[in-house]
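In the two complexes below, chain A is the common chain; its partner is chain B in one and chain C in the other.
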Partner chain A sequence: MSAWNRMLSLDRRIVYLVLFVLVSFPLLSPIGIPLSISPETKAVYDHVEKLAPGSVVVVSFDYGPSSYAEQHPQAVAIVRHLMKRPGVKIICVAFWEQGPILAEELLTSIDTMGKKYGEDFVNLGYVAGGETAMSAFAGDIHKTFPVDYRKNPISSLPMMKDIKTAKDISFLFTIAAGSPGIPEFARQIQGPYKVPFAGGLVAISVPITMPYVQSGQMLGLMAGLRGAAEYEQLLGIKGKATLGMDAISLSHLVVLAFILIANVAYFATRKGRGK
Partner chain B sequence: MLGPTFSVWLGVIGTLAVYSFLLKENPVWRFVEHVYIGFAAAHAISMGYTNVRNLAWTPVTTKSAYYLVIPCILGIMLYARFSKSYRWISRYPMAFLVGAGNGMILKGIIQAQFVSQVKATMVPIAFDQGFWVALGNLIIVLGTCAVLFYFHFSSQEKHPLEKHLRTVGRWVMMLAFGATFGNAVMGEMTLLIGRLQFLYGDWLKLIK
Partner chain C sequence: MRREVPLVITFVVGVVVVLDYFFRLGTGTWSLANMSREIQNWTLIIAAFALGLAAANLLRVHAGYIRTRRQGWYNSVALIVTLVIMSAIGITQGTNSALYRYWYTGFLVPVDATIFSLLAFYITSAAYRAFRARNVDAAILLVTAFVVMLGRAPVGELLWKQVPDVTKWLMDYPNMAGQRGIIIGAAVGALSLGLRILVGLERTYLGQD
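For the complex of A and B:
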């Protein structure tokens, strides 16, 4: 068997091993590969920076443990930024059933910068129904979430007194892993109520979501772990996303190398097969 | 009392069991997979129960909102699909769900996913706003037209221009698929990195 044939029949476990070693190396000993900031991430950051005191921001946790590694750093970055903004009220909701746990984990683990639960931020929990639930939420928040995730009646939360419908929302940010996600929010809240809208996405969804940014329906987005790392850089912090970027870059080089090797081997052996 | 150390160890065992699949399918991996699905299902039931309690039971019993009994009955009717003799009953709530869902989507889809998207492709190709902007706009216009033409099946490519336009459309789609693949690789690698950060950081304390 020629060297090229051996390459083509390479045991997949060797590929896993090479990836494992090369991804582990920068995690244990960071290289610090420079990272540029995309205009889409910068647009989200700038919008949050411009939010006036009293602005109401809805952060929708529409993801689960399967995309935790990619999207939780996005959620941490945006909520940390919102907590820093004086007078900004934060409403956490979820249209994915695993969202409220992740929201609660985040809210109880980060520095709230003096903001108090019920007065400055709330976790309303999950409501079933996907797009229908979004529409109901936009029309009447109190009726859709009569009780928050911590079992407080919503009417007892001081900050919710004057927040009734989507008309009272200044900015909507969804961390969306799939459906319901971006198109549903665009159809039910951004379009009808003209609420400024942005999102954090799993990387694979970015190409199909970019038309919403180009059309101006979304003011920006965070693309996967890279988007979260860019946001961390804008905030001046080194979180899990930033620490993972060297590993991402190296892993891409590994995949690229294997694709090249496989193609060269394929064409080299095809010539032989033709004979 | 089970502390954070226990949850970390649980996570470590789960992670290593799932990765053992890379070597070979095995009973440990299958057990963890079933546990994960079981947890997810249990959590979904718990969330469903909370929703029924907050949005139906409590308003009916404390605020006399008796109209909420109707969706509850429709919901119960859905379970008739598990009986061969009474399966037909589940078709009524299903028809209602499909009708209401479509109505809800149609309300916003024209503006959000048709008019706005079409408007976004109607961009000026004027070089007075800068060469790169104009070039980008030109690519958007040509690319959109070429891809739309690729899916125009009622002609037989008699004119060479049709063939070339279809080829351009196919290339534009290939570029989009390539971008999607690149992002998919990034997404999958992130999952691996997330687990390794957990193993090296939370478990082995090798990451500060």
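For the complex of A and C:
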């Protein structure tokens, strides 16, 4: 068997090992490869920067543990930024059943910058029903969520007294891993109520979502872990996304190198066979 | 009657919700908006019951697997044990209790994230084995994937400064054209299916052909 043939039938465990070693290395010892900011991420940041005191922002936690590593840094970045904005009210909701516990974990672990639960931010929890639930939420928030995730009647929360429907929302941001997610929000809230809308996505969902950005339905987006790292850079912090960027770079290089080697071997053996 | 009643309910509910999306008609209890809102609230209640029903069905199916010692039955044991434990804690202490959060963040999050992370290894191995420039189409796909992957990683800019611009062009033009076609095609399909359901031509949701 020639060297090229051996290369083509490489044991998959070697592929796994190379990837494991090269991804582990930058996680343990970051290299700090510089990162440019995409216009989509910058648009989200700029919009949050322009929010006036009294603005109401809905952050929807529509992801679960499977995309936690990629999307929780997005949630941390946007909520930290919103906490920094004076007078901005934050409503956390979820149309994925795993969302509320992740929202609660975030709200109890970050610096709220003096904002108080019930007065400046709230976690409403989860409601079943997917797209229908989004529509119901937009039409009547109090009826859809009579109590919050901490079992307080939401009519007893000072910040919720004047927030009744999607007409009272200044900005909607979803961290969406799938369906219900971007298209459903665009159909049920952004379109009918003209609410400025953006989202954080797993990188694999970015190509299918780009038409919503170009059409203006979404004002921007955070694309995968890189989007979160770009946002951290704009905030001037080094969070988990920034730390993961070097590992992303090396893992992409490993995949590309393997594809390149396999194709060179493929053409070399094909030539040898006289094809 | 078993066929007509569901068809009439579907038609009335569908027409009310669709009209409410486009028009504001009437005021008070019998306004289109209010009727639509009530229908949506019923849907939420049905959806919540469906979750319970799904959990009960999951228990029934996997209890059957254990009883018949079907291949991999021990996975069903793990599923039932964890389902019962998490449900019991959630119902008795609430999903915001320390104990529930401990199990969730200490058990479910790492297990789920680990399984998802394994995809990176499978994708690398699969790309190595299957991603070949066998013909012109495959070669175009390969080159495009190569550029986009480089463009999405910070290291791409170090290797070639123009790579983010090329990636952006690929996303904004060829990708956008294809994705728009898919989205518009799916929307037209959904519209057509919706109309067929409303007028009773599409009845598969009733369990009939």
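Just so it is clear, the second predicted complex is superposed on the first by the 273 of 275 C-alpha atoms of A that agree within 3 Å, B and C clash if a C-alpha of one lies under 4 Å from a C-alpha of the other, contacts with A are read in each partner's own complex, and residues count from 1 in each chain.
We take it that a residue touches a chain if its C-beta (ideal position, glycine included) is under 8 Å from a C-beta of that chain, and two chains touch if they have at least 3 such contacts.
What you see is a predicted model, and the numbers here were worked out from it, not measured in a lab.
In the superposition on chain A, contact is made by A:Glu104 with chain C only, not with chain B.
Once the two complexes are overlaid on the shared chain, A:Gly139 sits against chain C while remaining clear of chain B.
By the touch criterion stated above, A:Thr165 is placed in contact with neither chain B nor chain C.
Contacts of A:Asn263 after superposition: chain C is touched, whereas chain B is not reached.
In the overlay built on the shared chain, the residue A:Ile248 is in contact with chain B and with chain C. Judged by the touch definition given at the top, the superposed model places A:Leu35 against chain C, while chain B stays out of reach.
Of the two partner chains, chain B is the only one that A:Leu27 touches; chain C does not reach it. Applying the stated contact rule after C-alpha superposition, one finds that A:Ser155 touches neither chain B nor chain C. By the touch criterion defined above, A:Gly216 lies against chain B but remains apart from chain C after alignment on the C-alpha atoms of chain A.
Chain A residues in contact with chain B (one complex) as well as with chain C (other complex) are 16, 19-20, 23, 64, 67-69, 97, 100-101, 127-128, 132, 135, 144, 183, 192, 203, 206-208, 211, 214, 223-224, 226, 248, 251-252, 255. The part of chain A that touches chain C in the complex is made up of residues 10, 12, 15-16, 19-20, 23, 33-36, 38, 64-69, 97, 100-101, 104-105, 127-130, 132-133, 135-136, 139-140, 143-144, 149-151, 183, 192, 203, 206-208, 210-211, 214, 223-224, 226, 245-246, 248-256, 258-259, 261-263, 266-267. Within the complex formed with chain A, the chain B residues making contact are 22-23, 40, 43-44, 47-48, 50-51, 54-55, 58-59, 100-101, 104-105, 107-109, 111-113, 116-117, 119-120, 140, 176, 179-180, 182-187, 189-197, 200, 206-207. If you check the complex, the residues on chain C that touch chain A are 21, 33, 36-37, 40-41, 43-44, 47-48, 50-51, 94-96, 100-101, 104-105, 108-113, 115-117, 120-121, 123-125, 127-129, 131-133, 142, 146, 149-150, 152-158, 164, 171-172, 175-176, 179-180, 182-183. Interface residues of chain A facing chain B in the complex, by the touch rule stated above, are 13, 16, 19-20, 23-24, 27-28, 64, 67-70, 97-98, 100-101, 125-128, 131-132, 135, 144-147, 183, 186-188, 190-192, 202-208, 211, 214-217, 223-226, 240, 243-244, 247-248, 251-252, 255.
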